[in-house]
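Below, each structure is written out as structure tokens.
The two complexes that follow have chain A in common; it is paired with chain B in the first and with chain C in the second.
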Partner chain A sequence: MNTVSQEGLLDWAGPILQGALTTLEIAVLAYAIGLVLGLIGASARLSPWAPLRGLATAYSTAVRAVPELLLIILLYYAGSQALTALIHAMGLPGQVAINGFVTAVGVLAFVQGAYMTEVLRGAILAIPKGQLEAADAFGFSTWARFHRIVIPAMLPNALPGMSNLWLILIKDTALISVIGFSELFFTIQQAAASTRAHFLFYAAAGAIYLLMTLTSTALFARLERYVRRGQPAQEEA
Partner chain B sequence: MTSSLHATPSASSTLAVEARHLVKRYGDLEVLRDVSLEVPEGSVTSIIGASGSGKSTLLRCLNLLERPNLGELAIADEAIRFDRNPQGDVVGLDRRQLQRLRAKVSMVFQQFNLWPHFTVLGNVTEAPMRVKGLSRRRANALAEHYLERVGMADKRDSYPAYLSGGQQQRVAIARALAMEPRLLLFDEPTSALDPERVSEVLSVIRGLADEGRTMVLVTHEMAFARDVSDQVVFLDRGVVGVAGTPQDVFEDSEHERCRHFVAPAVC
Partner chain C sequence: MDFSWLADPFYQEYLLEGFVNTLWLVAVSAVGGLILAVAVAMARLKGPRPLAWFAHGFTTVMRGTPLLVQLFFFYYGVGRLLEGIPGIQDSLIWPILRDPFFYGALTFILSVGAYSGEVLRGALLSVPPGEREAGRAFGMSPFQVFFRLWLPRAVQLCLPTLTGEMILLLKSVPLVSTIALMDLLQAANIIRDETFLVYEPLMLIAGIYLAMTLVLTVVLRQVERHFPGMQPTRHRWLPIRGKEQAPCKN
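Then we have the complex of A and B:
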């Protein structure tokens, strides 16, 4: 096994990049689905209909109260058991192992949705009432009011929180390694174990995460400038 | 339609607004107590009265931003009767009818309420496109026309936050006009403006009155109300104290509180 000790960063560059790409894919998908869940959750939280409000409150409260690592493990096993049961019920034999990618996206999106619900709810509540009243007075449909007025009016309030959630999400993808799915962190662990160059690989991992978050912070800053295009700059003083 | 400036509304002219026995409560507070109001097509009605007398509430009942508890409303060919079902809920309005009515009645707010994420042009084209389904081209043409009308065409690409209050209010008026409404509502359109900006907005409103548009405005500008209105309604603690021509209300009224209220404007 002499070859093993001669393995270095370069030999692992391919798998690590692949892992990084997978991490990004998981994060982007989970974020997008989480955003939709958050919009639905926030609308439900603000709905005049009490049962809907209750449901959304239960979702955001429960999910935010349980450690994400635990949720990932729980949902992974609960999910595969439920699917196996379903397949047996349909009269088919066999065991189901859920696809790791789908689990990762599903679980992280579910968790994101809960936090996003709260961020968006606050941002919607902060919209000056007159802007919504004007939409009502002109006879906007519920949907037109929502996507033409509510969403663009709340985005300036929501983006800082949304950007924060994105950063947390990128880092949370590392939790997925517990179910043995080879995203960035899992790959790094393998590389470190196999080469024994622990510091080198973990430092490389840190650098990659840093690169991802810095890039996205810059993107969010641009996005924020865009959604605030109608607001005079506040940086005089 | 002939514009009958300063003419007494004749019984034969059709009514843009017919409100009968409106009652509006907030909890135990009865803000409107049996208010009736008729606004003939093509006429200007001003609602005046002390703070808290229910002027805004009455105006907002006319586009159903507030829903009356009791009474009947006929506005722009939509007739609605408010009542209670046996469970005690207010009934008498379905969503479709509400949207139809609101597409025919435009409102100008005290605080302008422009949408800050749209340009001036975007603010004016939004409702015609989303509510009336106009194409962008037609909506743009309409918007250009009405922005020209209020003297704001050169600011079409600005965002509202970069305009003065008077300019924002003129854009808000263009936004209301672009819906080509049957009825225009103004709730204290100049109260949030710097004094030197008031006249630019009033002169736009005066121009609309001269065109024979049907308007109801709540205002504290007594001289303006007197000058521009066909009908003046003095609202007093939730009831119509006096209603009639400007002459009736500003000069000939026997109503004690009305005389007192308009006195500063009369002398």
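Then we have the complex of A and C:
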């Protein structure tokens, strides 16, 4: 039996690698979009205009209170139906079969954005007020103040949270397998089912995810050292 | 929106069963997981080298891999291996080993043990050593010092993080629908298959989860407030998993 499962692993190495790549692509894209959503969300939550603040609060609260898996399934169906309705409204016939990749990225980014909103909001609030007032005093425009002062001053505060979210995102990509899109874990499930070597393949899946998360942790540690350059040395938290 | 299926007693039964299973799973995993967390934290801090090493590896693996993968690993991987052991299918424990609830609870207990164990370890480290020495000076046994002094003080330091872990645990329960355990999501899936309704059952479940999260948050707040010696803390009312929210380490 052992020899059979070994063969199985080698036979499936190609598809599994392919799946791992797809998973990374989904994660990177979802993270980038989630970051943008988070920036918009955080700005909205800190906005002086109450309706905007309320909207952003509702988004981040509702998304964080409902299980990710449920959201992913719900948004998967809602997304395709909403697009179909839109196409019909534009007078075009037919159904939209949304590309699985686009859905996966969209859904994960939407969830990620809610968590990112909270992380970035906290980081922006932690910027000493004097730095922002200094920017105003020097006549910075709002945009210049945002990208020259707010972003660099916020990054050291935000990075630990952002690194956590990236790790959570990598792990959340496995949930995409539930809606049947062929990323890493879906491929593993197929492999396990066809070779019947469940133990072996799920252990391999764990090893691959562990490799991804450990590598990411190391990379984020370097990144954090970079954004903290120019800050007084800190003891390791 | 069509919610007429809610009147059907069969569907009500599914939903009730799912709801009860969800609560059971959270309760069992929370209690088991927190006990394991204490063991993991102590193994890392005071255990002999190989045990500390093992506990470290355990936390790294559990925190570095997706919960869904762990669930599949235990249910399909380990479960199928157990099936192959001769004689086990006639033994008394087989009904337990066949039950998806067992694997769901096992996975969640290990997961809570790893995440909360890490939180507790940090908290145990930040209890000032003088307090433990004071306990020893009063003639408490090491055992008493741990259970009366060190552990309660550590829990005090990281209670908001630990309660946050419990909310995250509640939110991971729908994963068990993938191993054919009847939770709320599985109930919704059955109703969806039978009624051909895409959204309504899912939206109902989302609403129930929203309410459960809210109630659990309020309950845990009360627990925090009544924990002896707790300082009232301001914290976000929904947790984000990880060290970023841990106020344990000073």
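In this text, the second predicted complex is superposed on the first by the 223 of 237 C-alpha atoms of A that agree within 3 Å, B and C clash if a C-alpha of one lies under 4 Å from a C-alpha of the other, contacts with A are read in each partner's own complex, and residues count from 1 in each chain.
The criterion applied here is as follows: a residue touches a chain if its C-beta (ideal position, glycine included) is under 8 Å from a C-beta of that chain, and two chains touch if they have at least 3 such contacts.
Keep in mind the model is a prediction, meaning the values are calculated, not measured.
Visitor: With the two complexes superposed on chain A, say which partner A:Ala126 touches: chain B (first), chain C (second), both, or neither.
Guide: Once the two structures are laid over each other on A, A:Ala126 reaches no partner at all.
Visitor: Which partner chains sit in contact with A:Leu86 here, chain B, chain C, both or neither? Use first/second/both/neither.
Guide: It touches nothing on chain B or chain C.
Visitor: Check whether chain B or chain C contacts more residues of chain A in the superposed model.
Guide: Between chain B and chain C, C touches the greater number of residues in chain A.
Visitor: Check the residue A:Lys171 against both partner chains and state whether it touches chain B (first), chain C (second), both, or neither.
Guide: A:Lys171: touches chain C, not chain B.
Visitor: Pick one for A:Phe138: touches chain B only (first), chain C only (second), both, or neither.
Guide: first
Visitor: On the A-aligned overlay, A:Gly230 touches which partner chain: chain B = first, chain C = second, or both, or neither?
Guide: first
Visitor: Classify the contacts of A:Pro152 with the two partner chains as first (chain B alone), second (chain C alone), both, or neither.
Guide: first
Visitor: So in the superposed three-chain picture, is A:Leu17 touching just chain B, just chain C, both, or none of them (first/second/both/neither)?
Guide: A:Leu17 contacts neither chain B nor chain C.
Visitor: On the A-aligned overlay, A:Val66 touches which partner chain: chain B = first, chain C = second, or both, or neither?
Guide: second
Visitor: Can you tell me which positions in chain C touch chain A when the two form their complex?
Guide: My answer: residues 60-61, 63-70, 72-73, 76-78, 80-81, 171-175, 177-178, 185, 198-199, 202-203, 205-206, 209-210, 213-214, 236, 238, 240-244, 249.
Visitor: Could you list, by residue number, the parts of chain A that touch chain B in their complex?
Guide: 128, 130-131, 133-141, 144, 148-149, 152-153, 227, 229-232
Visitor: Show which residues of chain A lie in contact with chain C when the two form their complex.
Guide: For this pair, the touching residues of chain A are 61-62, 64-71, 73-74, 77-78, 81, 115, 118-119, 160-161, 164-165, 167-168, 170-175, 177-178, 185, 188-189, 192, 196, 198-203, 205-206, 209-210, 213-214, 237.
Visitor: For chain B, which residues are in contact with chain A within the complex?
Guide: Contacts found on chain B: 63, 65, 98-103, 106-107, 109, 111-119, 126-127, 130-131, 159-162, 179.
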